[in-house]
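Take a look at the structures listed below.
Two complexes are shown next, each including subunit A; its partner changes from subunit B in the first to subunit C in the second.
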Partner chain A sequence: MIALGQFLEVLIGGLMSGVLYSLVALGFVLIFKASGVFNFAQGAMVLLAGLALVRALDLLVANGFPLWAAIVLGIAFAAAIMATTAWLIERFVIGPLVNQDGLTLFMSTIGVTFVIEGAAEMIFGSDVYPLRLFPTDAWFVLEDVFPGGILVNKLDVWGALIAGILVAGLAIFFQRTKTGRALRAVADDHLAAHSVGIPIGWIWFVVWLAAGLVALVAATVWGTKLGVQFSITFLALKALPVLIIGGLTSIPGAIAGGLIVGAGEKIAEVYLGPSIGGGIEYWFAYVLALAVLLVRPQGLFGERIIERV
Partner chain B sequence: MPSIACNALILATVASGVVVSAPAAAQNEQFIPILSYRTGPYAVNGAPYANGVVDYYNLINERDGGINGVKILVEECETGYATDKGVECYERLKSKGPTGAAFINPLSTGITFALTEKTATDKIPIITMGYGRADSKNGAVFPYNFPLLGTYWSAADIAIQHVAKELGGFDKLKGKKISLLYHDSPYGKEPIPMLQVLAQKYGFEFTPIPVTHPGVEQKSQWLAIRQNRPDYVLVWGWGVMNSTAVKEAAAVAYPREKMIGVWWSGAEPDVTPAGDQAIGYKSLMLQHGAGKFPVHADIEKYVYAKGKGSTDSGKVGEVLYNRGVVNAMLGVEAIRKAQEKFGQKPLTGEQVRWGLENLNLSEARIKELGFDGMLKPIKISCSDHEGTRDGRVQQWDGKSWKIISDWYTADEPLIDPLVRDVSAKYAADKKAQPRECSKES
Partner chain C sequence: MLYREAGQFKTTYVEDMAIFPIRQDRIALAVLLGIAFIGVPLLATFHIWPFGSDYLLWAILLPFLILALAAIGTNILVGYCGQISLGSGAFMAIGAYSAYKLVTGVHIPLAWLGCAISIPPLSVLASILLGGLIAAGVGILFGIPSLRIKGLYLAVATLAAQFFFDWAFLRIPWFTNYAPSGSVNAPELNFFGLIVQSPIERYLLCLLLVTLMALLAKNLVRGNLGRQWMAIRDMDIAAELIGIRPLYAKLTAFAVSSFIIGVAGALWAFVYLGSWEPLAFSIDRSLQLLFMVIIGGLGSIMGSFVGAAFILIVPIMLNLIPAELGVPLSTETIAHFEFIIFGSLICYLLIKEPHGFARLISIGKEKLRLWPFPY
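Up next, the complex of A and B:
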């Protein structure tokens, strides 16, 4: 019974961690789905959003603003920063590179990554800034069944709730709104979309803004977990296997991929790690991703690749 | 956000690749390269350390006009705590200045491993104060390595001494479980052989638990700790790994009082992100802790009052800032010692190596330098490049670090056989002939 309880604890903890990875992966999916660009800068955008939020929050609280007002204004400030970033990227990077191939656009986002990282630290500082928007203690459930109970972290539960709301909101946005449908049209063929009157520049700004806002949401959760600091950019690397497994074009796939990666890596680390030296979870996620790539290159939920020859 | 403009200025300066440097190397300047990391995942710990180093060199130039009139010329190179960049920085800077680099201090055990052979070939000392390879205490095999003040094997022994004291004696260690949560890198792995020796001697169960760089995700490690329920967890982390460990410990309700970090896991950035969750967390001290001493008054008077400080004045006196100051002071005093033999002029790395190996700072001299209360006397010799192996334990109370123990001295008779064995193996592998320290003056 103890072993079962411990396994359930690792499984639940892994699934919850996976949802937090999905929060970052969603930003990648959003931009790829709408513009066909693999945005390597998503991790840096989480850092920028988090730094803008936490530094504004600290300043407002220090100047006597009530916490609720500081949070609202801080989020508004961070959203404005992400909107500015989206405009700059569209205006100076993606816009001029229209009609270039995917690899060129991908490389440009690598450049954007380093610019955002450097600028964010230059403007907002490179210390660790504590952010406490959600509770971080734990529940111990089923204590009557399993000795010591099963640990469930409250922050993870908040992360799962937020991810669920995000997925629902994005699904509605893409399926039910005029802008969402325009985004999908641009993703399918931006020249054709342009020819029927869809303003590509505006659409790309909207999609980068949406990704920036998703990054802000991810930053609230990860910033509470780790403190806002440079290491948040490493989350992009945790999101990659999630994307490979879930598929680059599927929002539900980002969640499913996160669950698979989270549970898989935690179970591997706890049960397989000790026998082979430990520290395996980082690369084990990529083992899972490679296995999926071999069987289904577009990911479990990605759109099937059809090419005319 | 009052410091944002200041941040921008400092980072813009660093981005240019040079923080403090003269336009051209004059003939009467001693060149000292600074390998630092002010950007990247370890910047939160690397930057305050580098600030302490730079400020102390500035103090020597501003207050004393240099070391006996020889001005210090420095150039900073960003390594990002990456071994490849560290080697690149070393190669770029080793020959600068009129006599080349006096010594280097990479602030990375990984870079230390990569440079150990190169520095010996180039005859440039590598100072690894409180880090680096523990076997390099043996100066007979490692003539150019100086792990001053304490190696990780000394740290491991001091940590176990403290655990034994808390438990009520070394005999109480038998049957206890002690885990090591370590950064999965040469740094984090370094204490493992010593802890295995200690586990065998005292009969405790030792479990090493690796955390992958940079350490942002530790849930599985802490779930394993929750299941295994060790009596103590030693933390050998750096950067974000430390604060994440404290937070994850809180999340699984592991008592922070049962966590003891190494001296690189016991600074302000390691606990403040965790807020109240960090209360009770303990760490070793590389002799000094936080706080201001007479040397800080001079730094404020001669450096900050002239607008030449490297950081916000409020950060002067933090743990890692102080460590940078101590490290810079030991290097300066080694040069001063070498000048006694080779003359008051810029010296080569080989000459500074002699100064390091003959460094002998008495209590009176430490007081004279303004470090009274931060350091104990240190005496380096051919066979002992560590010099002293004393430490204390501090505990975070939510606002500041409080010293909670007396001084511990690492058990040299226990550590030395391991030092001899491992360094002898190194010498055999490299076909190096160890020096005979007994024949050297």
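Up next, the complex of A and C:
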């Protein structure tokens, strides 16, 4: 029973951190669905949102604001920053590059990544800033079934909850609102959408804004877990295999891919790690993605968009 | 007026097929090589400005040459064959560590067979070249997914190579000969009895290898193989229809590119760094090489050199200019500025000139041909 208990603990821990990968991957999927841009800058956007939020919070609390007011104002400030970023990216990078092939757009987002990382750290500082929005203490559940119970981090539960709400919200936004429909139209065929009067520039701004807000949400959870710091940008790289596994165009796929990667790498680390030197987490997701690419290139839930080579 | 090819008649096929068919280009290249092979060493030997100290050789010319070589390798894959790669750093690492293992002697005990594979220590040059070959082999292995997937998906596949080898060289002690700190030292650079030690010797060694390999690459890309790569890049289905085998074309591109990158990696480790850790070949190195190729010009050997020079010089300029103007900036601010400037430049170039500096140069040549009568 102890072995099963340990397995469950590892599995749950992995699934929960997988939820966090999903949060980053969601931003990717949003932009890819609506504009066909593979956004390398998502990780940098998480860093920017996190830094803006945590610095605003520190400043407001130091100036004697009550905590709730500081949180509300801080989130509003970070959201405003993300909106500005979205506008700048749309206006100066993605707009002029319309109709270029995917690779050019991808490389331009690598450029955007560098600009955002440099600017964010220059404006908001480059230390590690702790963020405490959610409880981080541990919880023991099912103590009557397993000796000692299973350790679950409260933050992970919060993260899962937030991810659930986010996905539900996005689904409603995409399916039920006018903007959401316009967005899907642009994703399908932006020329046709343009000719029926959908303002493409505005739609792309909305998409980047949505991705920015998703990044803000991801930043609150990741920032609480690790502190807001530069290494958050490496999340973007972890989100790539998540996307490949889940499928580039599928929001449920992003969630499922995140869960698979999270659980898989934790289990591999615990059960395989000791025999081959540890640190499997570092590459496990990528090799898994490679395997998926070879067998099912569109991912588990993606639409079949890859041309045969 | 100066750059005009009128009157240069070609009377044989050999002349027509020369690498540099225009006389002025040949003269320019000869002057450039003359400066590089004779001028620079002479100036450096007698410590004449700007070679008063070894700084220029060590900190600029040596890394420039080696990274330009790696950029050529990346350019063959990304620029000529159109297969995006985020794993160039890993292939540099493979070249470096394979060369290191070969130069110190390989011993693989096969306990279950009761014997062992042993290779005695090889000479430095052989190790560097064999290191490149091993990188080529691994490159072919990681190129196999490119037969089914392309574009961004392939980028993720190469990213897998990057992270896997980062980890392997860090965690598997066999690669570092069980060095306790995880960092390894380059051997004495002994080339057939000639010991390369001083910056000038190192510079000449790299220059020689880089010139040879650049010529090789230049010849490859304008020959049959290079044309196959470009056909695959421009439209793979059409290329297949006219009888180009994608399997062969793509895998050779991976092999040649990885070989050049592997040799560059071995040089980087042996000649420039001297002692290194896997961190020297991280994802940042891959992105840096990709930027060199984009900024210099996709699908241009000369562009790789221009891109490498640009990427190396911008940070140094950023360090010098504020100091000259009397605005001292902290190193942290400079690092951030560097990020911002690189990022904006990449976006700007992609929007305004997707073919990079190489395209600007060829536009300049075109203008020069007509000058001073532009009609």
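What we mean here is this: the second predicted complex is superposed on the first by the 305 of 309 C-alpha atoms of A that agree within 3 Å, B and C clash if a C-alpha of one lies under 4 Å from a C-alpha of the other, contacts with A are read in each partner's own complex, and residues count from 1 in each chain.
Operating definition for what follows: a residue touches a chain if its C-beta (ideal position, glycine included) is under 8 Å from a C-beta of that chain, and two chains touch if they have at least 3 such contacts.
Here the structure is a predicted model, which means the values were calculated and not measured.
When the two complexes are overlaid on their common chain A, residue A:F38 makes contact with subunit C while staying clear of subunit B. Looking at the shared chain after the overlay, A:L235 reaches subunit B, while subunit C stays out of its contact range. In the superposed model, A:K225 lies in contact with subunit B only, and not with subunit C.
By the touch criterion defined above, A:S108 lies against subunit C but remains apart from subunit B after alignment on the C-alpha atoms of chain A.
Once the two complexes are laid over each other on the shared chain, residue contacts for A:L294 go to subunit C alone; subunit B is not touched.
Contacts of A:A56 after superposition: subunit B is touched, whereas subunit C is not reached. In the superposition on chain A, contact of A:W202 is made with neither subunit B nor subunit C. Comparing which residues of subunit A touch subunit B with which touch subunit C, the overlap comprises 117-118, 121-122, 126, 277-279, 282. Subunit B meets subunit A in the complex at residues 1, 3-4, 7-8, 11-12, 15, 38-41, 43-44, 47, 184, 208-212, 214-217, 219-221, 223-224, 226-227, 239-240, 243-244, 247, 250-253, 269, 272-275, 277. By the touch rule above, subunit A contacts subunit C in their complex via residues 38, 92-93, 96-97, 100, 102-104, 106-108, 110-119, 121-122, 126, 237, 240-241, 244, 277-280, 282-283, 286-287, 289-290, 293-294, 297, 306-307, 309.
Residues 6, 9-10, 13-14, 17, 55-56, 58-59, 117-118, 121-130, 132, 136-138, 140, 148, 151, 153, 155, 225-227, 229-232, 234-235, 238, 265-266, 269-270, 273-274, 277-279, 281-282 of subunit A touch subunit B in their complex. Note for the complex: subunit C touches subunit A at residues 84, 145-153, 155-157, 159-160, 163-164, 166-167, 170-172, 236, 246, 283, 287, 290-291, 294, 332-333, 335-340, 342-347, 350-351, 354.
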